[in-house]
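In structure tokens below, several structures.
Each of the next two complexes has subunit A plus one more chain, namely subunit B in the first and subunit C in the second.
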Partner chain A sequence: MKLSEDFICRKVCGETLLMPIGEKTKEFNGIFTLSETGALLIDAIVKGENADGAAALLAEQFAVDIEIARQDTLAFFEQLQQYGILLDDDAAD
Partner chain B sequence: MNLKTYRIGVFVLRLESEEPILDADFFPLFRIDDGVPPDFLVRVQRAKLPAPAGISLQCGGHHHRIRFGGENYDYTCFSDAQHRAHVPYACAVRQGREVLLYVQYDAPFWDTMVFDAVGLPDLFLEEGAGVFHAAFVGDGDGGILFAGPSGAGKTTQATLWQTHRSAVVINGDRALILRSGDGFLAYGIPFCGSSKSCMNTVRPIRAIVFPEKGEKNAVAQLSAIAGFKELIGCISYTREDPAAQERAVLLTEDVAAGCRCFRLVCRPDTGAVEALSRALGTL
Partner chain C sequence: MNELQAVTTASEPPVSRKLHAIGRRLGTPVSGTFELTSGCNFNCRMCYIHDGGAKDPQAGELTAAQWLSIGKEAADAGTVFLLLTGGEPLLRRDFAEIYTGLKKLGMMISVNTNGSLITGDTAALFEKNPPMRLNISLYADTPEGYRRQCGADAYENVVSNIRRMKAAGVQIKLNVSFTEYNADRFREIAALVRELDLHCQTSVYMYPPVRRTSPTAAQGRLSPEAAAKLRVQWDLMCGKTPTPESAEELRKLLRVSECDDGNARGEGVRCRAGHTAYWIDTKGQMMMCGMVPLPVGSVPEEGFLSCWQKTRALMQTVRMPKKCTNCSLRPYCCVCPAACFAETGDFSTAPAYLCEMSSCIEQELLRLNKGEKAIEAE
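Here is the complex of A and B:
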């Protein structure tokens, strides 16, 4: 999976934001503020991790059970997919 | 050769053309002596628009960028309502601080058209200055920017300040913001939308205010991050250009962190002016 090229993730004023760019700004008028765990998962995606890899990082960094981390990761990714922020690897941007 | 030189904010821009470039709107207010060396030179020529081989010039909006052979071709279009299409009439090609502007249009050149086609916001962003969509009011020696989306009440609040505080509307639609020492300055620019309020002057920014129509008047100071989220939608840049996007984000972050930002829930009455004045400590 990959982050859509229509969005960028930036640390701004101490917070991690997910923002639409380019043509996307015309249809998507909003900015997401990511929690620490959300920021970690987005960073994992950008670094090429899959859901399992991202969940493992989450479990390690935040000392949570791997199964809970996996469930939370999948729920977060599902939300991102609904907004078109997270795409399958073979999806065209 | 016809020359016209302008100072917009701290930047000197020169237009150079074989044909005269007519004065339009408020641009004459920004003319300066042609002997001043320019920061940017715009060479305007009437010519067929460059058309990179195999690439359609079909535009999706007023401005449209095509990247070809390592160069950006920035097209500006008029809207052809009959054919529901945007038809390009100008194309700007940047080479450092020079812009070659091709114009294919059966009408005289005039300065509003030329500067619109040049893409001033991107030029300014490269120099650390941003054009923000805001009604810019001068209150004494300070500036207040009413920013936000269309319909939020920017013009209404600016007009109320003019009426009840003897403030002046320096620009009813836009302001050029740049850092100066520890603070930020707002400059009037020649583009002012349909407001007809345009002055060539500058003020240190006292506050950036985001009006929101409401049943009562209430003011709340925003955190830097909340200010950023509001302000990022107000800065002008070429959306297709990742470098311009990056500059816009960095400048907006700097402005939001360095200026006091307020949410003004307001009615269109003098109570809104009083509430904001009280919050700014200027009542």
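Here is the complex of A and C:
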């Protein structure tokens, strides 16, 4: 999993923002704001974790059951993939 | 009757309001303006910055590399929303380099333009990689109107460029400023806005040309009385004229939100200037607002953060006129620190022009309330 090069992740005023850059703005001309858990998962991806690693971090930091964390993580990543924000490791940007 | 439903103001995205609210507490420069050039291909007599004649970007204006370096520092400091303005920013041959470079930093870019140069490569750029919003000035509804107001044969071109951008799905806001040169055509301009079916922001109050290098009087500005009548007429067309009752409500609200220190000093800066917003001029000088020519320092020389801290410090010293705090005309008045400074050279002196204009608005509304017909703007 990797963050698409068409998006940038920024921390501003304590908020985590995902913003399209370049031609992606044609499809989505706005800003995604992430919840605390969403921000943690994106950070994990940016640091090179895979879905399992990200879910483990989520379970640890938010004291949730690992299975629930895994389900939530996969659902979140699926959503991001639909927007083209997350790509498979071997996908070309 | 609401004749002009299409004439509305583009609302701000909720995320922008949220970031500005948090930024105000933290002192984060969430939004900024980069004034890329004072050059312009129009020669509007009422322009606050362009001196006429200077069609090309001027010597001493920052290079693309300098703007991108400032953009990087601004992004690191928390800037998300950037307005690129001029002069006419699209005159710069390196506009695309600046625009795409700033977007890559994660900036949401708006562009102020007279609309005449959105052709060729620039039009293609906006179609492929649109700004958050294009703010296009609409000066008149006829070719003759453009010649009279802007000294340019640009009407057809501007309107066709607006249509092209709209068809491409680019977000557009029309800025309409009324002056002596176009006020007589306000109904026709409104009809054009309605036909274009775009968001529109109107202004009947024109700042004195505080930024021109050769000082001139505010050319073409409406008299306070004419501006007041036009304000009421336009609001009537948009179905949003304040009633005396709603004005009273607003008065009450203003009283409870007065400055903390009661009547001892006037109000501080209520808008975003210096709280979360800044302005950088063509040479890299930071100011709290483009209408307040009090540069605090050079960003390329001193760095962004140092200039931002100075901008905040200046903002904290600003006090509005005490007279404005409890003024009964306040609900009708567009007074702000920048208007005070631009009109009087002093933040704490009430500008006579706005006092007269607000008084005329009240008179006009009272007349309307008595069932009399609003007098046509002359």
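As a convention for this text, the second predicted complex is superposed on the first by the 93 of 93 C-alpha atoms of A that agree within 3 Å, B and C clash if a C-alpha of one lies under 4 Å from a C-alpha of the other, contacts with A are read in each partner's own complex, and residues count from 1 in each chain.
Everything below uses one rule, namely that a residue touches a chain if its C-beta (ideal position, glycine included) is under 8 Å from a C-beta of that chain, and two chains touch if they have at least 3 such contacts.
Keep in mind that this is a model prediction, so the values were computed, not measured.
Student: Taking the superposition on A as described, I'd like to know which of subunit B and subunit C A:V46 touches: first, second, both or neither.
Tutor: neither
Student: With both complexes superposed on chain A, which partner does A:N29 reach: first (subunit B), second (subunit C), both or neither?
Tutor: In the superposed model, A:N29 contacts both subunit B and subunit C.
Student: Between subunit B and subunit C, whom does A:G14 touch in the aligned arrangement: first, second, both, or neither?
Tutor: The answer is both, since A:G14 touches subunit B and subunit C.
Student: Name the contact category of A:I68: first (subunit B only), second (subunit C only), both, or neither.
Tutor: neither
Student: Across the two complexes, what residues of subunit A are contacted by subunit B and by subunit C?
Tutor: 8, 10, 12-15, 17, 19, 21-23, 25, 29, 31, 33
Student: Can you list the subunit A residues touching subunit C in their complex?
Tutor: It is residues 8, 10, 12-15, 17, 19, 21-23, 25-26, 29-31, 33 of subunit A that touch subunit C.
Student: Which residues, counting only subunit B, touch subunit A once they are in their complex?
Tutor: My answer: residues 60, 223-225, 228-229, 232-233, 239-240, 242, 245, 249, 253, 256-257.
Student: Considering only the defined contacts, which subunit C positions touch subunit A in the complex?
Tutor: 13, 15, 18-19, 22-23, 26, 28, 30, 75, 78, 80, 100, 103-106, 108, 127-130, 132, 169, 171
Student: Which residues of subunit A touch subunit B in the complex?
Tutor: 8, 10, 12-15, 17, 19, 21-23, 25, 29, 31, 33
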